[in-house]
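Heads up, the next two complexes both have chain A, just with different partners, chain B and then chain C.
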Partner chain A sequence: MGETIEKLKWLLTDKYSNKRVEEEIRDKEDLLSSGISTCLGCGSEIGLRIALKVLGRNTILAIPPGCMGGVGVVGYGTTTGTEVPVFFPLLDNIASMLSGIKRYYRRLGRKVHVLAYAGDGGTADVGFQCLSGAAERDENIIYICYDNEGYMNTGIQRSGTTPYKAWTTTTPVGEARRGKPQVNKNMPLIMAMHEIPYTATASIAYIEDYVSKLKKAAEVEDGLAYIHLFSPCPTGWRFSTDKTIEVARLAVETNFFPLWEARYGEIRFTKKIWFKKPVKEYLKAVGKYSHLTDEEINEIQKLVDDRYRMLKSLAR
Partner chain B sequence: MKIEWIAPIGKDRYIIKTGEWRYQKPERNQEKCKKCGTCLIYCPTGSVYIEDDEYRTDYEFCKGCGICASECRADAIIMVEEVRE
Partner chain C sequence: MIKIVDGNQAAAYGAKLSRPEVIAAYPITPQTPLVEYIASMVARGELDAEMVEVESEHSALSVLHGASLSGARTFTATSSQGLSLMYEPYFRTSTLRLPVVMCIVTREMISPQSVWGGQQDAVTVRDAGWIQLFVENNQEVLDTVIQAYRLAEDRRVLLPVNVCLDGFYLSHMAEKVVIPDQNEVDDFLPPLVMDHIKLDPENPMSVDPLTPGPLLTHYRNKHVEGLENAKDVIEEVDREFEERFGRSYHGKIEPFMMDDAEIAVVTMGSMSGTVRVIVREARERGVRIGMLKLRMFRPFPKEEFRELLKDIDVIGVIDRNVSFGFSSGTVYYELKSALFGYHNPLMVSFIAGLGGSDISKMHVRKVVEILEKVHKTGKVEKEVVWMDLEEKLWEKQLKS
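Take a look at the complex of A and B:
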């Protein structure tokens, strides 16, 4: 009897759904070198490893300057960190360079996935104009932004997607200032409003959801597919290295980072949260918010609620 | 000559022995393991593999982050201090 209850409890956990996706991806070839020097518990490494497993060998990868470039995915000299061709575009021409590559292959008559794996700096700040242009021109590329909410590779500076009140080295916490005074860009929604064929948000805690979105992005043939991947960073966000997945899960469960997808601008939620948690639980788990007072937490709760309401009013 | 790739594929893999960074290492209790695969999909370095129908860890690249231990719902993995001669 006790054993049956134990088993039932086990079946009901969220984590059990991992089994399905695990069976799907475990035998796929791992195209990313295991020995790249990401920090312990890096979320972006999980994201890239799974993306390459799903998209397979027929992929051309662009990694702009950022964490993934710095840790050796692009490699040095004659070495590379992946088993697919990999490029090192500049921060401000990622999407335009890939557009050219895609057009070249289309002319040759070969079907390849052209993939960008760029950080939030290269996407929301520096590389934004060329990404927006490529989206408008309907260039057929897959663009994944791994959002670790700052320029982590150069020493944790603020970026356009660093959230309100978050600590970084350029938005310090002291008497005059308490973290970032501005609200972050709503980058995935900006991309959805380009009305491109496919836009999605994904989180490394929900791999099944992420894999299905990758597959949909790979099927797009008439324009740009954009995935905004929430990728916690233990070093820059100040939490212990084993909590990466837990933090990512909390962000979804508190509606801080809702999961949705959009086809030609039409939004649909992909993960329904039945028991919404207060944002406080997420903020308490992350060290970069440890200075927040109750008042400031309420302020953030209101911002999160407002954003979620706006998203809901846009969704089907 | 027909050009096949316009992007280079590296001659060799870029590899750092990240296993040397580890100060704690995951140890799996095979009796408690429910074979759910959670540790396999969440491991950043891709160090978990299946052999003889058992989930095992390859210590060559495992950095000892502890994600597998804290995500395992069956508490089958514990982190122990790494001892090196």
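Take a look at the complex of A and C:
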């Protein structure tokens, strides 16, 4: 009985907050050009558009080389893709460059949001060292990793966040190899373990959740705020361009990508999944897993369960 | 105020007097004490700067990119392996036209493993678009750091500057240095105003968008123009510095005992002190010899060399580096190419002082002896002379 009431409360507040956030976001100024050339069904574009709506004009934006750079967010020639100050950091110095900006503005006594919108390669692979350093030094920057699970801008190569068994052009499927042989880095948990003021996972299928996390990230003043945004890529993951949100939602509903946040020494799930679906449903919806046998799917189910259990053991 | 300080401390004083607003650095031998001096100045409250103790040299320069793009005056320092790790943001510092000042406490590049002196590090990155100034003593270290900011921030230049001081020979050697008054330095060096490129929400700018070839070519050309302008600006800065502080370093190249000279020795860095002594000694013997101390290695002062060397018969260049591929010292072949089509002197490349080897009076006497012989016979027997090699010192070291 108690659990039923609890469920009802969740559903009602969800519905209410969804509507409220929808209205709030709809009326906010769109600071990203409508003319950027993302692929059809791009998840990362949604993530950036929303982030800029929430953070507003008082933001300095870093777009490292990657999909968002390639589609023209920093601009081309003498044109620009956004209305906020924007620049290309190097792929491997994102957090360091932002540290320098924030330190100087802090010295001037000016409050400015300093935001990175970076892919998984620049975050979990080549740029990881400087991100880890910035986290340790409590640099007051907002860092969003749009995780499309690989180097999509250069044409779908594996990265440290490409999941186990997934197909990419550098982890092809053949007689001898069947996709990526290694399990992906648990990047958001790694960041939470830096004990920074705020860490969260987010999904473009749960905008209300993402928006509330962006707001919390923007309020942080004593260190780094990190959001790991799950961002399905129809081009690189091989699914129909109208299924981006559906795929993102399935990842959450199967616990493949749970939504949580960590702050003040606590990890908390922000999206309760009352009816967990088998991971098979998610894997079947994404073409990069189309080669998987039932046995391999079971193996992935176990990995997902294990990772979720570890998170749960830490969470409230 | 007069103090006895080592080169690292002199650089730290130079930086402090220049009032950098953001400093980021990572320790590496032989630059480490420089970072410690700066950190203690910040800790004591003598230097009001944001100090970022980064996790790598790559990040050190990257933090300065962000700070400089926001309008800050910045400072850092590094050596050898740190410089090579930094290469990616290093190149970009100049192509973004950021007036960063960075000391390179020069050190040999590995391998073989070495932590000792040499100029291979700074010389290897010579074509990355920075201005590079090499200095002879600790007073020049301090004064050149201050001059470097004036040069870097000049609107005709707007380029980053390296002040290169020899690792250990300067960095760890203490000597008398005059520390100028802060007020005087403030008068000489006004605060930085960055408006050519800036990240500021009040005036949004897209910095470094994807740039098509012809526009990029235009920027490259402007970059080279800035470097060329630096050749005049350094002379102005040095003159004004002399008027205010009473010390001059002759801008790009310092001629020493060059009047009526037939033979010239070209030097760079701390070796110049030893060469001065031996040139004077040779003059006493009646040899018409002089020295040119190259201070501004980048941009390379071609025109001034052509003028200074127009009546010279024999030139020896001592390089504390190796040009792999050209198989001589680097300054040697650059000077040779600068003189081509103008003069045709006999030239010898001397490679010396690698991996912390000394360039002693004995070595320079040998240089002079060889150059005298070339002058007498009118023939270059050996174009590239590797010092210490004929004595087979390395064989003794292998045996021990």
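Just so we're on the same page, the second predicted complex is superposed on the first by the 296 of 316 C-alpha atoms of A that agree within 3 Å, B and C clash if a C-alpha of one lies under 4 Å from a C-alpha of the other, contacts with A are read in each partner's own complex, and residues count from 1 in each chain.
Basically, a residue touches a chain if its C-beta (ideal position, glycine included) is under 8 Å from a C-beta of that chain, and two chains touch if they have at least 3 such contacts.
Computed from a prediction, not measured in an experiment: that's the story for all the values here.
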item: First (chain B), second (chain C), both or neither touched by A:K243; value: first
item: Which of chain B and chain C A:E299 touches, first, second, both or neither; value: neither
item: Contacts of A:N58 with chain B and chain C, given as first, second, both or neither; value: second
item: Partner chain(s) touched by A:G75 [first = chain B, second = chain C, both, neither]; value: both
item: First (chain B), second (chain C), both or neither touched by A:L98; value: second
item: Which superposed partner A:Q129 touches (first chain B, second chain C, both, neither); value: second
item: First (chain B), second (chain C), both or neither touched by A:E195; value: neither
item: Touched partner set for A:F87, first chain B, second chain C, both or neither; value: both
item: Touching partner for A:E22 - first (chain B), second (chain C), both, neither; value: first
item: Residues on chain A lying within both footprints (that of chain B and that of chain C); value: 60, 72, 75-76, 78-87, 101, 104
item: Chain A-facing residues of chain C, complex; value: 21-22, 24, 50, 52-56, 58-59, 62-72, 74, 88-89, 92, 199-201, 203-212, 215
item: Residue ranges of chain A in contact with chain C within the complex; value: 57-60, 69, 72, 74-90, 92-93, 96-107, 112, 129-130, 132-133, 136-137
item: Residues of chain B defined as touching chain A within the complex; value: 5-18, 21, 34, 36-38, 40-47, 50, 60-61, 63-67, 69-71, 73-74, 79
item: Residue ranges of chain A in contact with chain B within the complex; value: 10, 13, 15-16, 18-19, 21-23, 25-26, 30, 32-38, 40-43, 45-46, 49-50, 60, 72-73, 75-76, 78-87, 101, 104, 204, 207, 234, 240-246
